[in-house]
Amino acid sequence: MWERFVNELSTTMQEIAGSIGQFLPRLMVMLLVVVIGWLIAYVLKSIVRSILRFAKFDRISQDAGAAQFLKNAALPSSTELLSRFVFWVAWVGFMLAGINFLGIAGLEEQISNFFVFLPRLFVALFVLFFGLWAASFFSRAVLLAAVNADLPSPRLISFTIQTLIILFTISMACEAVGIAHRTVLVAFALILGALMLGLAIAFGLGGQDLARRYLERRLQHPKKEEREDELSPL
Amino acid sequence: MPEGSILTDDFLRELMNVGEVDILVGVPTFNDGKTVGQVVQAVRAGLLKYFPRQRTVIINVDGGSRDGTQEIVRAASISDLRHVSNVNTLRTLHSISTRYEGGTSPGSALHTVFAAADLLRAGNCAIVSPDSTSLEPEWIERLLRPVVRDNVDLVTPIYRRHKFDGLLVSNLVYPMTRALYCKRVREPHPSEFAFSGRLAAHFLEQDLWEQEACQMGAETCLTLSAINGGFRLAQSFLGSRARPEQAPSDLIRALRQTVGVLFWSLEANVPSCSAATESEAVPTIGAEHEVTLEPLRINRKRLHQMFVHGVAELEPILRSILSEGTLAELRQIATVPEDDFRYSDELWVRSVYEFAASYHKAVISRDHIVQALAPLYRGKAYTFLGQNRDASANQVEANVEQLCLTFERAKPYLLEMWNGRK
Amino acid sequence: MATPHASLKLQESLWYKDAVIYQVHVRTFYDSNGDGIGDFRGLAQKLDYLQELGINAIWLMPFFPSPLRDDGYDIADYFSVHPSYGNLEDFKLFLDAAHQRGIRVIIEMVLNHTSDQHPWFQESRSSRTNPKRDWYVWSETDDRYRDTRIIFVDTEMSNWAWDPISKEYYWHRFFSHQPDLNYDNPVVREQMWGVMKFWLEMGVDGFRLDAVPYLLEREGTNCENLPETHDVLKEIRARLDKEYPGRVLLAEANQWPADLRPYFGNGDEFHMAFHFPLMPRMFMGLKLEDRKPITEILQQTPAIPENCQWSLFLRNHDELTLEMVTDMERDYMYDEYAKDKSMRINLGIRRRLAPLLDNDRRRIELMNGMLMSMPGTPIIYYGDEIGMGDNVNLGDRNGVRTPMQWDGGWNGGFSAADPESLYSPLMLNPVYGFQALNVQSQKRFDHSLLSWMKRIIRVRKSAPVFGRGTIEFLYPANHRVLAYVRQLGKETVLVVNNLSSAAQAVELDLKRFKGNILIEMFGKNIFPRIGDLPYLLTMGPYQFYWFRLRKI
């Protein structure tokens, strides 16, 4: 009994020692990978940051109104945000790769899934970011143009545009991530919306003035002889 | 056109033929075939009459007209003057024309003129507007004489105007320029003006042409640059500026050209403009101001409507630009019936300064900020029209002066907003 | 990263790269006290003229007390001013007045030797045991350092001279009345630094160090350019930089460019050195109507450290030296520029710029144009800005050292003394004489040489690229045209010189500057834009163009 117990114990101990012996180098490798990954991610982050700084990305995003968007969300500047994002993605990638070395069954598949998923996530986030930005920018542009052209219910027009763009963005982002394949159908349903979006963009950005004049001519109150514009502002 | 150049080879060849000049007059055009002939004739007559000994050139820069504008300018060469018996000329007067890239943007046109002035070492330059049908030969003398004789660097015009003409200038651009930069320049966005070669070179060096604001409102940009560079300024009374038929009275465009530039210029100049306090007069040749009073039929009602409508509809945008107090006051006056409506000077100045500060912080797209000012301006214009309906020329002037002083007094408020969080 | 202030300071300390230097001997310029000899008070009075000319540095030739047996290069007292030129106070007055006008002053310093009248030598020769004995180089025999050449071949037989008092030979590389100091002796080195310190304290902006290759002697060498000599010079530079930053050292070392290169060290020896071999080749190229001699010598010229600079000249107080040319070249130069044997001295030609160029205004302008546009700091020899002549009948090189011609009046406006008592007779002939050729008459006309010199100096100073930029030769097929591109940062200047006496057409390959407009720098007029085809220029006889390249 005692012998068996001792035997079992020693066998177990040996097994444990064996598996520790097997596991320890892997753990070391993993730690190494994680540390190296951190270094590489850090370097990547610095590179991205300096590239963006050099390209004056903050100014660009500020001019586009994205800075305020970030500020409202209490987020750091867009340069900082982007470089941090790159850092985390890279490091998490390395961490997962490191965990892979541990050889824990089942995990490997999940991890490889993650790597397949990663670029899609990237695209989705990208689409989402710019979609939201575009929604706020164009809805505002339309609102201003409508008010200054004295169109009826400008808010409604602007809100419609915004909703359409956001819907479109979300469906595109979902599509990119690969979840909810059915949203493709919704997207098709939204083709009309897309068309309108195209018009809105064209009118709002491409030919604001043209569009306004066009709209003025079409929709203006007919009392032309009483327009204030007889006074030159300059 | 060679890559990276703003001058075509043909234009360069023409400049080579012209060589060094003393006086250069630039005429930027875009589909101005109807009026440009008359203007160029007047310019030429002015040059021949008042500056017969100087080497002169008229340069037309065209944005791609399809109505033969360029041909009309080219035709105005010395040859067809020969049969005019009373004009004697000493020298060849060149009149050349070129196209510039960049469509109708006034910045590109002026950039081309400035580059030509620099290459020809023109010490004295003037720009005239192709639609100034009331331009007389004397205008050339009045604009250029201070530069030629008194070494003035920038001569801005003073026009005889109707009391309700140029409300954006009298209610915003002039008072705000004066308050911020302490120089009383009546027309910070002139359509006719003269400048020295020194100023042109200084302006060229600054690389402002790439800036969007400067592309839109190069004239305002030049005025502000002359003030800030410590250049010598003068104003010269020209006469009535005929408003061309179907004036392109596009308010948004006008706002971008003037207020947009003014806001933008503050970025670089806030430290210096916060130091100066008292505004000083600019030496003026001829009348300080002349106002005509003939009655005009104006639809004030619509101005009021658009103000009320704008304040209501743009609320989310205005909220991000204006302080809570200011917005609340605006909403309050928007509820006042039309006859009692009054947009006070104080509130107007506060609104404008808050817009300037928000522009600085780029709370939303800067162009949107400028556009959002339009309904408020309409409200102010409504108030001004009502206030001065029966006013004499002097009263109108006194009211404008009052507004200027309000702008000057409120300057600390702007600086406070500028550095503040919201 | 350097702060703006620091970089400004650095730019300022490189002033010698942008300078235009005027070389003058105080004796020759203006006599304020009527004794027939120019003096410092006189020089100070004429500073306005120099400021108007546009120069911003003066190089003064030796003005120390001296028996004047070698034009002052035989110094008898390093701490004073020769009484004929005034006193230390006058010098200080002049120095301050120059600085007020933004003109720097470089003075001559003779390190290699003293006069035999110098008290140090008097003591040293007094006995073999005198404590100052080893301040000079003494020897019992005259056969040491046999491999050393003799420089003044016309007057000296040996580098050793017998001293009858202490009964030994002393070493001299130049005249026998100029014994060489012994730089192996640390006390001598310390003494000479003391001398330099004295003048630096007074405010001078730099030294032209005379005869620097000869400071030390070693058996078995030719005793020139020795490493030990460089050590001495480096030590001087280190002390100068430490205690008097911004002051400069200018080397006089008549050597081939490759042998001169070590005098710049790693930017830790001389700031500037004369480019001796270039000068005769400019004259040669002009006469041959061929750019080859000039491009050849500049190709052989090694690159120098960033903070160093060549100094260039057309003429100076010495002969047009032909030491640094081949025998064939020397013969050609003699035949073309000094047919008359009396014009030759040692290995060179003792003439001024205008007579050398047959008083041809176009050639004078071309040569000055090249001087001002080649990489280096130009030096103008006094009088050459008005085209003064020379007098070969005066002995030695005194023919190019006649008084400055200010006006057509008494003594050419140089002095109120009797004409007989002047240190040197004035030029009197109808072409170069002071009545025909003087500052006052040239000031009156825009087309005079003086007015033209003012203009070219002004244009040169308007473009730092001339002093600091790189040079790259273009080799158009027409060999009579010397063309080069100077570049500094964004600034590019194209220089085209026609060395020929006839009009020339030349096609330049400017493809890499495509799209630029040429702007002629004197008239500032526009020339056609550079396109894909070779750039065609036509040039009048001896004409030159400076173009600024501009993109607009």
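By written order: A, B and C. Residues from 1 in each chain.
FYI, a residue touches a chain if its C-beta (ideal position, glycine included) is under 8 Å from a C-beta of that chain, and two chains touch if they have at least 3 such contacts.
Every value quoted in this text rests on a predicted model; they were computed, and no experiment measured them.
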Touch-based graph of the chains, sorted into line, ring, star, complete or other: line
Pair joined by more contacting C-beta pairs (A-B or B-C): A-B
Chain centre separation (subunit A, subunit C; CA means) in Å: 70
Whole-Å separation of chain centres (CA-atom averages), subunit A against subunit B: 43
Can you give the whole-Å distance between the Cα centres of subunit B and subunit C? 58
The answer for subunit A against subunit B in the complex is residues 62-65, 67-68, 137, 140-141, 143-148, 150, 154-155, 209, 223, 226-234
Flag every residue of subunit B that touches subunit A in the complex, lowest number first. 164-169, 189, 243, 247, 249-255, 257-258, 296-303, 305-306, 309-310, 313-314, 317, 320, 362-366, 368, 371-372, 374-375, 377-378, 381
Show me the residue ranges of subunit B that touch subunit C in the complex, using the header's touch definition. 2-7, 9, 12-13, 15-16, 19-20, 115, 118-119, 121
Residue numbers on subunit C that touch subunit B, as the complex places them: 514-515, 517, 519, 523-529, 551-552
